[in-house]
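In what comes next, chain A is part of two complexes: it sits with chain B in the first one and with chain C in the second one.
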Partner chain A sequence: MATELGPTPVKGPASGGTPVHHGPKGVGEDNKILSQGKWATWLLAPTIIALGIVIVYPIISAIVMSFQKDAGLDPATGLFTAGGPAGIQNYVNWLGQQCAAPGGGTVACPPGTLGGQFWSATGTTFLFTVITVTFETILGFWMAMIMARTFKGRGLVRAAVLVPWAIPTAVTAQLWLFIFAFEGIANKLFNASILWTGSEWPAKWAVIIADTWKTTPFMALLILAGLQMIPADVYEAAKVDGATAWQRFRLITLPLVKPALMVAILFRTLDALRMFDLPYILTGGANNTTTLSILVINQIRQGFNSAAALSTITFIIIFLVAFIFVRFLGANVVEQSGATGKGKK
Partner chain B sequence: MTTTTASTELRARQDKGRKAAQNREKWAQARTYISAVVILIWCLAPAYWMVVTAFREVGFTYDTSLLPTHVTLDNFATAFDTSFGNRFGQALINSVFIGVTVTAISLLIGVFAAYALARLNFRFKFLVLGFILGASMFPGVALITPLFQLFTNIGWMGTYQALIIPNISFVLPLTVYTLTSFFREMPWELEESARVDGCTQGQAFRKVIMPLAAPAIFTTAILAFISSWNEFLIASQLSNDATQPVTVAIASFAGAQPNQIPYTAIMAAGTIVTIPLVILVLVFQRKIVAGLTAGAVK
Partner chain C sequence: MKTPRFLLPAATAGVLALTLTACGGGGGGGTTGGGSDAEANLEGRGPITYVQGKDNSNVVRPLLDKWNAAHPDEQVTFKEQTDQADQQHDDLVQNFQAKNENYDVVSVDVVWTAEFAARGWLQPLEGNMAIETDGMLEPTIEAGSYQDKLYTAPVSSDGGILYYRKDLVPEAPKTWDEMMGMCSIAKENNIGCYAGQFKQYEGLTVNASEAINSAGGSVLGDDGKPNLTTPEAEEGLNNLVDAFKNGNIPAEAITYQEEESRRAFQEGKLLFLRNWPYVYNLATTEGSSQVKDVLGMAALPGKDGPGASSLGGHNAAISVYSKNKATALDFVKFLIEEEQQKFFATQGSLAPVLGDLYEDQELVAKLPYLPVLKTSIENAVPRPVTPFYPAVTQAIQENSYAALKGEKSAEQALADMQKSIESAGAGS
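Our next item is the complex of A and B:
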């Protein structure tokens, strides 16, 4: 068996008759890789099986469910039906914002029902994502640049940025609800009397500000780690050559930190697209702050199967965004995290 | 004579240049400090506000003086009070129980996978790594619907296992990729020498690598525990009054009057939930930051 795989032709016992010690290099290497592969299989099996149970199984059953009708009263006959195959009707209903009509068929969902909120929830989700990730990237980059400098008290700053990150999102939401209360500190500080959670744009800004506060540190730390990978002598050389601060930033910092930056933006974008805790607690999804995740959760108790269809749509949206990032914007997560392993062997 | 004037002139110009450079340096330093103070205020002020409010009398909930006023410990008693239907004490126990269980299971399973990914050469390594990274970015809502139906059907709604199993879906991938990047940086030559001394790969792993890996594993455990401790979405749907974790308890905290949010008590509860984490994070700051950023830049 090993004869075929060996890099150097190894004579079989029949032709050479040389015993055990023949070709220790070739055969040994092969056995090593073979045994490493075997080892890897055994070591990885528990994780793969566990993830199969907790992720792959639910995802497959969600997809199966999404092609089933919701059990419930049939509006056409008024009788309880157990569901049955629905084809792609659940998806069509969500995308076209159609609801089942009494007497069969579908009509446009009346305003206020969950079915009529798909596109507005999608819009809100993307709006939150684009604005928060933009803010977090700019602020995070600035924080990282500051933390990368040497100054007294740098340790304190680096510790302080971990505080918002360490506070659970549910607590963050309640905290900002209090800050944005009508008689709260935000209105007092800015001498305003805004009902923050009472109308559309203040409510959206409340969510955006709270999310930016909570997650900028994570961004800053990822970018800082990227900055620290840039060797200092590159900057020295540029300085000697007379590059201005802006040139150094544009021509050295940005391109060299780009891989880490792209991964940080990818992580944050995928995280923001599934945003749930903050708007759910802060505004309850009122005033057009319902994200796709909130819509799924609200739908679950009204019908599993159409909730499954919506969660599958959400999953596909997130997957597509991740794909675009990795394919076209060069955020290579696996390469990034596999780089050292590859180099070192 | 002319030469001396020239040299003094030159020296004067050099001095001027040096002074300008020094000024620039000073100015840059000052800007750094101003920025640092802005960052400190931005990060700490809201958290400070939570703690200050937690110690304020209920009647002065909306007091906006920045320093602690009307200091009291009542809010902490109110937070644990169960007469309005809040079960904060129980929720704390639940969160610790769920967090510890999820962390232990994830580490127990994940440590082997991380070792394989960091140390062994095998086919499909990048595929496996990609699968695990993808799993950690997985949206929770995509899992919740089938789990909701499944757990309803088998009578698991509101049980601990119904909260622990879904948490593994995001804690285990996090554990594996954090540990993988820690393991890549360890002095594996020691393993080689153990092998030379006659240990099997399994023995080398158990006797040499495990003790060396302890700090990495500990850091990963903290990160895993925090992410389980912070989980809200799944718990808000699958738990009941008896098994709900603190995040759910705090989100639905009820006061004496139905229309009045008991902010001071909520801030007290928030402080209790947050302070241990903040202390833990600050003590192991360096390690935590390394662990947090490990997956992204290494």
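Our next item is the complex of A and C:
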């Protein structure tokens, strides 16, 4: 993990002889540690360079672009000309839902422009995230509890549960599009005539149902991993002490599975915040189902620089959510995955 | 120690956000005037590449074999894109931005012409680079031009057709009002009357523009500025709005794309259907089709004669970055020769751009919709020819969708479209 390299030297010798210190001015007065640090630097370099090329460069390039104006039309020649520097205008336009006015300056974005959809898209994105993650956590927990038991055919159940997760999202979306068609199974089954993709709340529920169906297995799997870490003797001891099933669940299962659960919720939340394929294929973003990602993609076709500003805003929003999770809700991803490396306890 | 405790979550969050946001920055946004590139390499000859979307009915390869056999020193290689229009568009944009000299001749959807021309990516087909346009249907040339200059050579065309039930309607309606008058027949037979494509997507732009143009309005004026706040445009959009309101268009049509509407018609649930020529083959050959023997075809109904269809189709354009433009031009001319046009029609069911072919006995025997399609294309109006097409189609879709659902009046929808398109043109 590249980012762990930054803060480590500052933390000093707390970690008691762990081998992976790399910073030359760091802790190690000891020659051995110094040379080990050098080695580590060399060994890590290819990864860092690769990450720099595929992650850091595009991000910086997008941020630079976001401070440029989009190309405008030269009325004399009918050709596009480069827009020049824009300062923070792109950001101001998105956040304030301002669009270019015919005479120069800006006006409030009229309906039918992408600029006028920023806040509604943000709201929709968070609505989808909160509802789907809640459903997926509850259903996923339930599925994990079942899969954690030993019974005949457990392997089959586990494999079957994974099927929705294994299907590519675009295919899932197409399947659900057929299901939610006016002549589709959903209406036939319930003998209803709902225009699923043709009005606001049915469209939103269609997206939520499809997303829950698809990603609950992911949640279930992560929670199952957490459940299996709990030793069986803890339960036995509790049983001997006369704890009821509910008490065992509340006082043993929940607290012990919490680290895994928080990581699962964190991953799903960040995943849901960038939801794109499902609403894009199901509704095309109509009926107020446009998410931030759909807005970015649509904007790319109308102007790169403004789209870069929007994707930077989206990035900041997701960053903040991730930060809140890690900092305040104790979803400690690093300690889970990197415990061997640092020992930061 | 406060700092590290604070930094760690931030760093973690950062990495997560980065890896999970799929980093959606587009390509570089540079633009060029294109003047000098357009004058270079006009005499160049040699191997070239032809770029087109997925060749579903295998028409391109046989044509290339034919060309390559005759031109051993000027071989054409086929670069096949995906079958998704959006992806084809983005692929072209990326390669033009990179000034890729290997994209010599590209197939361009008619609605991209203005955008690519305004970016300076397309070789104007004038002077030494001119092509023969006599005999081509006028709207196809119009759709290939930007600011009165031809940038793309029409290769295949497409227009809307009104399909109807011959067993229920004695004679096809000529005007919209006449068609609405026949809706009582649909009611007696307990089926829907009319449907097109009204889901919020590109098809809605096609249908809404047809309604507006057929009533005598227009989306853009001759000056390229929006011209939607007219009584004609309002009448056109209101035709659709009213039909939704009084049930002549069934409510579920708001979810229809081409395929859904075709299925409804084939299952005998519609009296009239506006769709593309491809429906003919399926509706007459598919086993499940209820309308096999009673399928009628006519031009779209207008205000007092044939309506104004939206124009589809693909054109061939030469990249300004091509090194072998003389070969590229020869190849484009080859594509629009009568023999190749005929092959496109018979092998790929692509509508020709040469008017005479629509009367060709052999072709009409194979594709009986050709005479109707000719009327349709002759009266067609290209979708708005503007470099801001993505923004314009967005404005039309979103506002006409709201109007069709009764969320705002047609007048308000058109006023909003007008403002949105003005804003797009103002640059941002």
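By definition in this document, the second predicted complex is superposed on the first by the 292 of 345 C-alpha atoms of A that agree within 3 Å, B and C clash if a C-alpha of one lies under 4 Å from a C-alpha of the other, contacts with A are read in each partner's own complex, and residues count from 1 in each chain.
Keep in mind that, in the parts below, contacts are C-beta pairs under 8 Å (C-beta built on N, C-alpha and C of every residue); 3 or more make two chains touch, one makes a residue touch a chain.
Predicted model only: the values in this text are computed from it and were never measured.
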Room on chain A for both chain B and chain C (clash or fit): clash
Touching partner for A:Ala232 - first (chain B), second (chain C), both, neither: neither
Touching partner for A:Ile55 - first (chain B), second (chain C), both, neither: both
Touching partner for A:Met65 - first (chain B), second (chain C), both, neither: both
First (chain B), second (chain C), both or neither touched by A:Phe304: both
Contacts of A:Arg274 with chain B and chain C, given as first, second, both or neither: both
First (chain B), second (chain C), both or neither touched by A:Phe315: both
First (chain B), second (chain C), both or neither touched by A:Trp213: first
Contacts of A:Val240 with chain B and chain C, given as first, second, both or neither: neither
Partner chain(s) touched by A:Ala170 [first = chain B, second = chain C, both, neither]: first
Segment of chain B intruding into chain C (one of 132-140, 168-176 or 204-212): 132-140
On chain A, the residue positions that both chain B and chain C contact, one per complex: 55, 58-59, 61-62, 65, 181, 183, 267, 270-271, 274, 293, 296-297, 300, 304, 307-308, 311, 314-315, 318, 322, 333-334, 344
Of chain C, residues touching chain A in the complex: 1, 3-4, 6-31, 33-34, 86, 89-90, 118-120, 146-147, 199-201, 251-252, 254-255, 260, 263-264, 387-388, 390-391, 394-399, 401-402, 405, 416-417, 419-420, 422-428
Chain A contact footprint on chain B (complex, rising order): 29, 32-33, 35-36, 39-40, 42-44, 46-47, 49-50, 53, 62, 64, 109-110, 112-113, 115-118, 120-123, 125-126, 128-135, 137-150, 165-166, 168-169, 172-173, 176-177, 180-181, 184-185, 201, 226, 229-230, 232-233, 236-237, 246-248, 250-251, 253, 261, 263, 266-267, 270, 273-274, 277-278, 280-282, 285, 288-289, 292-298
Chain A - residues contacting chain B, complex: 33, 36-37, 39-44, 46-48, 50-51, 53-55, 57-59, 61-62, 65, 142-143, 146-147, 149, 151, 153-154, 156-171, 173-179, 181, 183-185, 188-189, 213, 217-218, 221-222, 224-226, 229, 259-260, 263-264, 267, 270-271, 273-274, 276-277, 280-281, 292-293, 296-297, 300, 304, 307-308, 311-312, 314-315, 318, 322, 333-334, 336-341, 344-345
Chain A residues within the chain C interface of the complex: 1-4, 6-7, 10-11, 55, 58-59, 61-62, 65, 68-73, 77-83, 93, 99-104, 107, 109-115, 181-183, 193, 195-199, 266-267, 270-271, 274, 283-287, 293, 296-298, 300-308, 311, 314-315, 318-320, 322-323, 325-327, 332-334, 344
